[in-house]
Structures are given as C-alpha cells and as structure tokens.
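Each of the next two complexes has chain A plus one more chain, namely chain B in the first and chain C in the second.
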Partner chain A sequence: MIRAIARVLEERTHAAPFGLKALRYLFPDHWSFLLGEVALYTFIVLVGTGTYLALFFHPSTAQVVYHGSYAPLDGMQMTEAYRSTVHLSLDVRAGLLMRQTHHWAADVFVAAIAVHLMRIVFTGAFRKPRELTYYVGLTILGLALLEGYLGYSLVDDLLSGMGLAIGYGVALSLPFIGANVAQLIWGGPVPGTADFWSRMYITHVFLLPLAIATLIAIHLALVASLHHTQFGGGRRSERRLVGLPALPSYAPRSLALMFTVFAVLFLLGGLVQINPIWLWGPYHVADGTNGAQPDWYLGWLIGALRLMPAFDVTILDYTVIPNPFWGGALFPSVVFGTLYAWPSIERRFSGDRVRHNLLDRPRDVRWRTATAAAFLSWVLLIFMAGSADRAYILFGWSYETQLQIYRVLVFVLPPVVFWLTLKICDELRRNEEVERHRHEAEDEARAAANRV
Partner chain B sequence: MTRRRAELVVAALLVLAALCAAGFVAVYALDAIPDQTQYLGLALGAAFLCVAGALLVAGRHLVVTEDGESEYGHPSPETAERLVDIGDETVAGIRRRRLLTGAAAVATTAIGAALLAPVVSLGPVFDLAAMARTPWRRGRRLVDEEGNPVPASAIQPDEFLTAFPEGADPEEIGSPIILVRLDPASLRLPASRRSWAPGGIVGYSKVCTHAGCAIALYRAPLFQPAEQPPGLVCPCHYSTFDPATGGTVVFGPAGRALPQLPLRIDRQGNLRAGGTFSGPVGPSWWGVRRGRATS
Partner chain C sequence: MRRAALVLLAAAALFVALTAAPARGDSTPRSALAGRGAELYAENCSSCHGIAGAGIGAPSTVHGVGDVAGFGPSLRGVGALAADFYLRTGYMPLRNPSVQPRRSKVEFSPDQIRALVAYVASLAPGPGIPTPHPARGSLSEGMSLFVQNCAGCHQAAAAGGYVPDAVAPPLGPNSPRDIAEAVRIGPNLMPRFSQSRLTDAQLDSLIAYLLYARHPDDRGGVALGHVGPVPEGLVAWLVAGVVLVGVCITIARRPA
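Up next, the complex of A and B:
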C-alpha cells in the first residue's frame, strides 16, 4: 500500500533522491544540539495557539464600557482590544488555556533561541563555513523579541500601555529622525491613532511570523546543506561526520522532543498563570502602576533604561539626544552589533580562515570563552539591574544604592569574569593533562606487569 | 527491556494518550466545572507527554540505533564560476554596459522611492508641531476622571489627584496633570512662576519626560523631620521630580523637568489653568526645547 503510494508520488514528482537524502541525513548526538529544535517546536505551538487567539481578538481602539462576566471591571471604560482579550480569557472555553500557552511559548521561544545562541558562540559553531546560518539565526532572535513585544502590547492592558509608552519614548529619542519616525509609526503622539492598532496587528500576526518562518526555513536549509557540526573524538573528524540517520534512529527521538515541548507548554499554559490581564485593568494615558515587570526577554532593556544616569546631549536650550536613546536603542544595538560582528572580529584576531566542522570545547579556546563569558555577564548584569525594584520590595535594599552598585559593577564585573574564565579554562585543561598522564602511567604499569 | 515488553509499553502509552485526549474533550464539553483551564491543560499536556514517552521507548527499543557516517560536502567553486559565466553570456551582446548599468540603477532608485513615498501617509511625519500642542488654555477648568470640576479644597496634603482639561480628550498625552498640595513656605519655584501655585497647590504634566509613562507615585514624607523631600515618581524607571522646585529631576534617568501648569482658583473655589505648560509634554526628541525655567 505505502509502496504503491511512494511509486505513484515518485512518478509525479521525481523527488525520491531528495527524500532519500532527507531520510539519511545524519544528526550528531549531543544534548546541546536540541536547543534549536526546542525553539523550532515552540514556534509551531506559537502559530497554532496564536491563530486560535486571532479568531476572537479585536484589534480595535474603539472605547467601550465593560459589562462582561468579570465583576471588578464592570462599568469601566476600555478599548475593544482589551475587552475582547478579557472576554477570550474568561468567557471563551479553552481561551485562557490557549492564551497562557501562547504567552509561555513566546517566553520559551526566546529563551531557547538565546541559549542556543550561547551554545553556538561558546563552541565556535559560527565559524566558516556557517557564518550565514549564524547571521540568520541572530536575525530570528531580533525579530522574535519584536514579535513578543508587539504581542504583549496588542492587548492594551495597563502594562501594555506602559510598555508602548516607553517604546514611543525610545523611538522619539533616535537622533535626527526620532520624532518623525515615531509620528510615522504611531500616526501621531502616543497613544497613537486607531490605525496604529491595525499596524501592530498585521505586523504581529502576519508580517513578523512570515519573516520568522522564512528565516527558519533558510536557517534549516543552510544547516542541512552544510550538515551539522560535531564535537571531535572517536571516528569523527573534520571530514567525516558521524551521527544518527533521521530514519530509523533519530526521527523518533526528535518527535519525542517535539511532543515533550508541546506537553510542557500546555501544562504551563493550563497550570501556571501568566499575565492575568484582567487584574491589570485597561490602559489610560494617565494611569501607571508600580512594580510592573515586562516579559523576561525585555528585562535587559528595562535594566539599561533604568541604569543610565540622567544624561541628555544638549546644545543651549535644545535637546539633541534624549536619554532613552542610550538604554533603549544604543545598548541593544551594541549587543546585537557585537554578536553580528563576532565571526569577522574573531577571524581578524585569529587569522583563522579554514573551514571547520568540528566544534571547539570552550576550555580549549580560552580567549573566546573568556570574552564571551565577560560579554554575557555584562548583559546579564544589566538584565538584573532591571529588577532592582523587586529587590527593594523583597529585601528592602535601597533602590538608589543598588543602582550605584550596578553602575560600578557594569565596568568591574566583565574584566573579572574574563580573568576568572581564563583561569577556569586553564585549570580544567591542567586537570585533564594530569588525568591523561595518570592513565598513561597506569597503562604502562599494566603492560609492564603483563610482560613480567 | 525486551522487544515484546517495549511494544506493550508503547501501545499502553498510546492508549493512555488517547484517554487523556478524550479527557480533554470531556472537560471541554462539560461547561461550568471549576478550574476548567487547569484540567484542560493537564489533559492535553498529559496526552502529549504520553505520545512523547511512546516515541522515546520506540526510538530506544524498537528501531535500530546505529551511527551512520558520511563525508562533509565540499564547496564547488567551478559551479559558482559557471553561474557567473552564464550571467556574463547573458550580457555579452551589450556594448555600452556602463550606460545601461547607470540607467538601471537610476530607474531602480526612482521606482523604489516612488513605492516608498506612500509611507508618508502613515503619520504627520513632517508636522511636529502637533507634538507640542496640548488642550490646556488659560482659564480652562480642571476636571477629575468623572468630569467634575476640581475644587481647590479637594487637594489634600500627602495625596495626589489626577485632573484633565474640561471637554478635552483625556487620552491625549498633553491632557492629564498631577496635582499636589505643598506647604507654601516650602515652595522654591522660579521667580516667574510665583503665582502658579495658589495655596501651595502645584500642577504638573502627568506624563514622564523620560519615556512617557504616567507618574503614578507620590513620595510624601509621612514623618517629620522627613528623610527625603516630596517627590513625584515614575514607576517605569523611577525618575523622581521635585514638585516644590518646578518639577526638576532629583533622581533617575529623565533629562528635563516635568512641565508645570500654572493654576488659579476661580470664584467658585475650583481650579483653572492659568496658561499653558512651562515646556513640551512627554518624552524628549531631537531638537525639543528643554524649557528650562527662566527666573
């Protein structure tokens, strides 16, 4: 039966050679290679749950008065966008499950990509010939951040509104063109015209998902065309790839991973509350709340905005570069710029122009590992600074003192981490040396004993 | 695990998955059960988990797990050359390549610009005056969220009140103001603003000059002697403005003072605007006047 179908298909497609290649594609076996797969499977959940949400959500800023099933909001003025989200959360059966799963999936998606990126950097997987794969992946990360921000904003609850206000402030702060760009995007001063919601909506549900899906396809095509990288050892070498073929061995495992990802996301969506928007209330320009935390993946930007001392570039009575530019635009540009430039900078310093299929063990390339660790610690520190207000509420540590400490640490910590990482790499390798010598000595002793 | 055993386990897990999925449908169909979302997530998650388990057992015990080997591919520069050759052949008959390339570039740029031009319709991109406009005029009455006039007596010390211009759109960034009452003796406003705070009541734009959040916190010293003077605090990045000195920044990343609104009390005892703000409202942009108070 299946044989017959295969024959019929082949006669009409001539695609069997391609299929054969796909089924025999080799996957090197290492846990860290699964991170990208997690991101991929999460994306499927995002598209699925997101489509369901779109069947109920109204991207409209029309002002309405709430008379739904959630009593505390009764009689409140709000936008149709917020009302329909509260409705789909509390009145549509399975609506809340889908919304929470969607939200969790967004958080996991960015996390999986970020950790995957770290793996790529620390093991040197970005080196020739895989630079393009790396750039595409990095772009997916950037778009995913924007996509998440828009999803969070569309709801028009109080936190969305505050996030959008900050986005507007950052857009305004761009040198030369800030005000014009912001007027263009928002259609006028914040909170923007009704058109702005249509713009966010089509971007969130169509343009960005399309862009991300396309880039994922390119990313995978590049991975497949160049084949996976692998760690050295055994029969593996720069020229010979050893791994599990998609069929019969690897596909069941990968599918198991996929269903595990589905399971975890739906369990989270069902059991762990996330962003209970009905508690936040609708956004109004005049409203704000304390202790609001954005989704984790925006924490680094909040941290940067908060950490930056009051410093605007001014000429006489005119502002030239307003403050949000530093934390909201320059900082992420520096982070992404560094990441984009990483392969070429490293090539510059190492002079390494050879093709690589074997991955580095982080300890073996101590300079890269230390630099990457220092860079990571810098970003993480700024990320943490974004939660100084939490620490104030939880532990009573003075917010201002914390900020002063962070401002110093931002300069002190990366060099310390750099130095420490170098030491750790050296130590690890020295231990290995010792181990190896011991093994050799033991082998020799055994051989000698045998001879006797 | 023997093969037979593994097959049984896989079958069992798949049946369990089916049961969980059926459970999902059942929970979905039963309306008005408590914690429906939780049960739905549990059922669906469990179903997926069972399938994952089945696949894992199958992958481990029922299919061959054997490493394959293959050679990594090589780049094929000759093929790339060939591609370029084909391109070259295509344009081989053309003599004046420079001219045509130039003309094509001009056409591409112009058509690109033409296609981009309609983007300007998206917003008042060149009209930045709108950003500086606010609904506040001299004599305009202050109203609260319900639209009722705000009597000066409604402003209590240690509390803040949000007010809007009567008859204007409260969702405009230039509308909301924050009112607090200070001890008139503690005021240190610039000389030109002496008359702006009748009875110690000061009004400021409620929109933070850092990045546009609403100033939603008022730090009012409860104990005397106070450790810190009163402050208007923005919850987004904790810019803190001093209401006694004309909204100057005392902490945080904001780059300019909160715009102050001159106030006066009319004959009915209600608050009215005595003019417009001392500076542009909301976050700064390239070229905005800082509106530093001149004394």
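Up next, the complex of A and C:
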C-alpha cells in the first residue's frame, strides 16, 4: 500500500532523491539545538490562533457605543476595534482561549528566539559559513518585535493607546525626518487616522507574517544545506557529522516537541489570564493608567526611555534631537547594530577566515564569552529598569534611587561581568586540566600495576 | 413651673455647650467624648500636630511628607472627615513625619477613634463624615469616571501605582466610606475632588465600580494581579520557558 502510494508520487514528482536525503538528514544531539525549533512551533501556533482572531476582529476606528455582555462597559463610547475584541473575548466561543494563547505564544516566541540567539552567539555558530543564516535569524527577531507591538496596539484598549502614543513620540524624535515619518505612518496626530488602523492591520496579519515565514524558510533551507553544527569530541570533527537520522530517530522527537509546545501554549491560554482588556477600558486621548507597560520583549526600550536623563539637543530654539530618540531609537539601533556587526567585528579581531562546522565551547573562547556576557548584562539591566515603578510599589524601593543606581550600574556592571566571566572560563578550564592529569595518572598507575 | 424652666435652661446650656464647642476652639468646655479625645490627642498626636491642633510648621528641622513643611499640618478645620479617614486607615499616628502615611494596623479601638474624631472636629468647624450609597451608582459610569480621574495614579484596575515620591495605594481594601472620604479630602499628593468636580451621585458610581473591581469578572483563568505585562512576562519566562527547556533537555537525551 505505502509502496503503491510512493510509486504514484514518485512517478509524478521525481522527489525521491530529495525525500531520501531528508529522511537521512542527520541531527546532532544537544538540547540547545532545539531552541530554534521551539520558536518555529510557536510561530505555527501564532498563525493558527491569529487566523481565528481575524475572523472576528474589525480593524476599524469607527466610534460606537458598547451594549454587549460586559456590564461595566455598557454605554461607553469606543472604537469598533476595541468593541470587537471585547466581544470576541467574552462572547465568541473559544475566542478568549485563542486570544490568550495568541498572546502567550507571542511572549514565548520572542523568548525562544532570544535564547536561541544567545546559544548561537556563545558557541560561535554564526562563524563562516553561517553568517547569512545568522543575519536572517536576527532579522526575524527584529520583525517579531514589531509584529508583537502591532498586535498589542491593534486592540485599541487603554494600554494600546498609551503604547502607540509612546511610539509616536519616538517616531517624532527622529532628527530632521521625524515629523514626516510620523505623518507618513499615523496620517495625523495621535491616535492616528482610520488609514493608520488599516496600515497596522495589513502589516500585522499579512505583511509581517509573510516576511517572517519567508525568512524562516530561508533560515531553515540554509541550516539544511550547510548542515547542523555540532560540539567537538568523540568521533565528531569538522568534516564528520555525528547525529541521529530524521527517520526513524529524530522526526518523532521533533513531533513530540511540537506537541509539547502546543500543549504548553494552549494550557497557558486556557488557564492563565493575559491582558484582560475589558478591565483596562477603551483608549481616549486624555486617559491614561499608571504603570502602563509594553509586553516584556519591548521592556528594554521602556527601560532605556526611563534611564535616559532629560536631555535634548537644541540649536537656538529648535530641538534637533528630542529626548525619546536616545532610548527609543538610538538604543535599539545600537543593540541590533552590534548584533549584526558581530561576525565581521570578530573576524577582524581574530583574523579567523576558515570554515567552521564545530562549535566552540563557551569556556574555550573566553574573550567572546566575556564580551557577550557583558553585553547581555547591559541590555538586561536596562530591561530591568523598565519595571522600576512596579518594584517601588511591591518592595518600596525608592524609584528615583533605583534609577540612579541603574544609571551607575549601566557603566559599572558590564566590565565587572566581563572580568568575572573571564575568571570563570579560566577556572573551568583549569579544573578540566587537573581532571585530565588525574585520569592520565590513574591510567598510568593501572597500566603499571597490570605490568607488575 | 420654675422647675420646668430650670430644666429647660439646663438643657439649653448643655445644648449650647455641645454644639458651640466646635466653633469656639480650645478654651470652651466640650463634650465628654471630645474630652477623652483631647487626652488621647495630647498623648499621641500633639508631638506633630501641636497643641490643640495648631500644627508644627515651617521653621522646624524636619521636612514633612508631601507638601507639609514641618512635623505635621494644622488640624483646625479638617473636620471629622479627615480625622475619621486618617485614623480608621491606620495612617495616623504617623511614625516618621517625612514618610508617606500608609494603610497600617489601627492602633485605637473604635471608641477611642470616635473620641479623637470628636476632638479634632471640635477644634474648628469642618466637613463631616460622608455617607455614600454605592447601590445607587452605575457600574459603567463609575468605570469611566475612574479611568478619567483616578487611573492615572491608582492604575486602571485600581492595583496601585507610582507617582513621584509617593505610592498611590491599591484600592482593594477600601470600604465605601474610605473611598468617599479620600475623594473629598485628597490625602497627600492626591487632588481633592469637590462636589463641582465629582457630585455625590457620581461618587456613588465610582464606589460601585471600585467595589466591583476588587473581584472583577475574571475570565481567562488565574489572574496575575491585574497589573499587565510585567507578571505576564515573568510567567512566559519562568513557566513556559523553564518547562520548554526542560522538555528540550529530556528529548535530546539519547537512550543509553
């Protein structure tokens, strides 16, 4: 039976060589190689749940009066976008499950990419010949951030509106072109025109998902054609890949991982509340809530906006660079710029232009590990500064003092982390050395005993 | 007849003593209740609020909390309204005059509070204790009013927020009377909302909404404190992240 189907297919596609190659494709085994896969399966959940939401969501700024099932909103003026989201959350079958799963999946998607990226950087997987794979991956991360921001904004609840107002401020702050950029995107002052909602919507449900899916396809094609990297040791070498073939070994594991990802995300979506928009209420320009925060993956930008001391660049009466530029535009440009430039920077410093299929153990390339750890600590600190107000309410730590401490730590902590990481790498390697000597001595002793 | 006139006179005198005392301040005799309050006051409050509620103001070494210059503001004219609120919330007696009062353990018995309130009210004429009727209010009007007037400090779901140098507390534990009093007083950095900014009927709606917001319609599973993305991000990393990394490690382990 299977043979018959295979023959029918083969006669019509001549795909057998590809199929056989795919089945025999080798997957080296280390758990950290699965992080990218987690991101991939999360993306599938995002597309699936997002499609369901799109069946009920109206991307419209038309003003309507709410008369739905949620009493506290009754009679309130709001946009159709917000009304339809409340409706799909509270009155559509499985609507809230899908919306919450979508939101959790977005949070996990970016987290999975971020951890995957750390793995790539700390093991030197971005080195020749895989630079292109790395750039594509970084671009996916950047687009995912934008995609998440748009999703959060489309709903037009109180938090959306405040987030968009901050985005508008950052767009305006771009030197010289700011006013034009903001006008081009928003079509007018905050909250923007009806066209703006159409733009956000088509970008969120079509343009960016398409771009991300295409980049994922390219990313995977590159991974497959260059083959996986692996850690050294044993029979593994630059020329010899050791791993499990797709069938019968690897594909079932991968499927298991996929279903686990689905299960975790849908369980969260069903059991843990996320973004209860009916409690926030609709956005009106004069309204605001204390402690409005973006989703975690944009927290580093809020942190940067808060940490930056009040400081503009002005020439005479004209503000050339308004304050939001530093935290909202320059800071992410520096972070992404550094990440994009890293393979070239490293090549320039190390002079290493050889092809690599074996990964570095982080401890073996101590300066890269230390630099990456320092950079990570810097971004993390700024990220944490974004929730200083919550820390104040929860623990009573003075907000102003916290900011002052962060402003100092931002300069002090990275060098300390750099130095500490170097020490830890050295220590780990020294221990290994000692261990190896002991083993050698034991072997020798045993050999000597045998001889006697 | 003379007996009757005497009794009437005595009653009138008593009436005058009871009602006039608040208007005339310290030197006139006051009710027994306020008298007990005066003792409690001297013991617990006068170190900051001065003799007879005159306040201990500017030329002192301490800079008080908020816009208070000195150990404590004058209590003349704050009325039963403020005394009742500050004592029942445990805001007073304050430990340290430059630290924002926070809801804490109430140190006085209800009787003692009544005595202190009577005493503070007797210092000078001032507003009385309001009686809100949240049952008459409308939830949706309350929600709009809350978002427009209060959420900027107390957060959209009344979970509390940060304002420069102060906390706008979470409003979960507040009784309708607390809320009505706070709105009419404007403690610390909070603005005072007069009748013209917020009528009694609107206040009823506001309170109705706040009572609702303690246990709102919580669909979608376990609520994470109604404070938005910060705890959500923590759950994404610490629950989903840890579980998924654990699964990766398990799956990648090759059977021996």
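Just so it is clear, the second predicted complex is superposed on the first by the 452 of 452 C-alpha atoms of A that agree within 3 Å, B and C clash if a C-alpha of one lies under 4 Å from a C-alpha of the other, contacts with A are read in each partner's own complex, and residues count from 1 in each chain.
One rule holds in what follows: a residue touches a chain if its C-beta (ideal position, glycine included) is under 8 Å from a C-beta of that chain, and two chains touch if they have at least 3 such contacts.
All of these numbers come straight from a predicted model, not from anything done at the bench.
Can A:Met308 be said to touch chain B (first), chain C (second), both, or neither?
Only chain B is touched by A:Met308; chain C is not.
Taking the superposition on A as described, I'd like to know which of chain B and chain C A:Tyr135 touches: first, second, both or neither.
Neither partner.
Once chain A of both complexes is superposed, is A:Phe56 in touch with chain B (first), chain C (second), both, or neither?
neither
Could you let me know whether more residues of chain A are touched by chain B or by chain C?
B
Regarding the shared-chain residue A:Pro191, is it in contact with chain B (first), chain C (second), both, or neither?
Touch status of A:Pro191: first partner only.
Tell me the contact category for A:Thr101 with respect to chain B and chain C: first, second, both or neither.
After superposition on chain A, A:Thr101 lies in contact with chain B alone.
Is A:Val38 in contact with chain B, with chain C, with both, or with neither (first, second, both, neither)?
second
Contact-wise, after the overlay, does A:Val115 reach chain B, chain C, both or neither (first, second, both, neither)?
It touches chain C, and chain B stays clear.
Which partner chains sit in contact with A:Trp278 here, chain B, chain C, both or neither? Use first/second/both/neither.
second
Please work out whether A:Asp287 is in contact with chain B alone, chain C alone, both, or neither, and reply first, second, both or neither.
In the superposition, A:Asp287 contacts both chain B and chain C.
Check chain A for residues that touch chain B in one structure and chain C in the other, and list them.
29, 96, 100, 244, 253, 256-257, 260, 264, 268, 270-271, 286-292, 389, 399-400
What residues of chain B sit close enough to touch chain A in their complex?
Interface residues on the chain B side: 28, 31, 36-42, 44-49, 51-53, 55-56, 58-59, 63-73, 75, 119-120, 122-128, 130-131, 145, 162, 164, 170-176, 206-207, 210-217, 234-239, 249, 251-256, 282-292.
For chain A, which residues are in contact with chain C within the complex?
My answer: residues 29-35, 38, 70-76, 89-90, 96, 100, 103-104, 107-108, 111-112, 115, 158-159, 244, 253, 256-257, 260-261, 264-265, 268, 270-276, 278-281, 286-297, 299, 387, 389-390, 392-393, 396, 399-400.
Touching chain A in the complex: which residues of chain C?
For this pair, the touching residues of chain C are 139-140, 142-144, 147-148, 151-157, 160-165, 167-168, 209, 212-213, 216-224, 226-230, 232-233, 235-237, 239-241, 243-245, 247-249, 251-254.
Show which residues of chain A lie in contact with chain B when the two form their complex.
Contact set of chain A toward chain B: 24, 26, 29, 93-94, 96-97, 100-101, 129, 162, 165-166, 168-170, 172-180, 182-191, 193, 195, 199, 225-227, 235, 238-245, 248-249, 251-253, 255-260, 262-264, 266-271, 284-292, 302, 305-306, 308-312, 314, 317-324, 327-328, 357, 389, 399-400.
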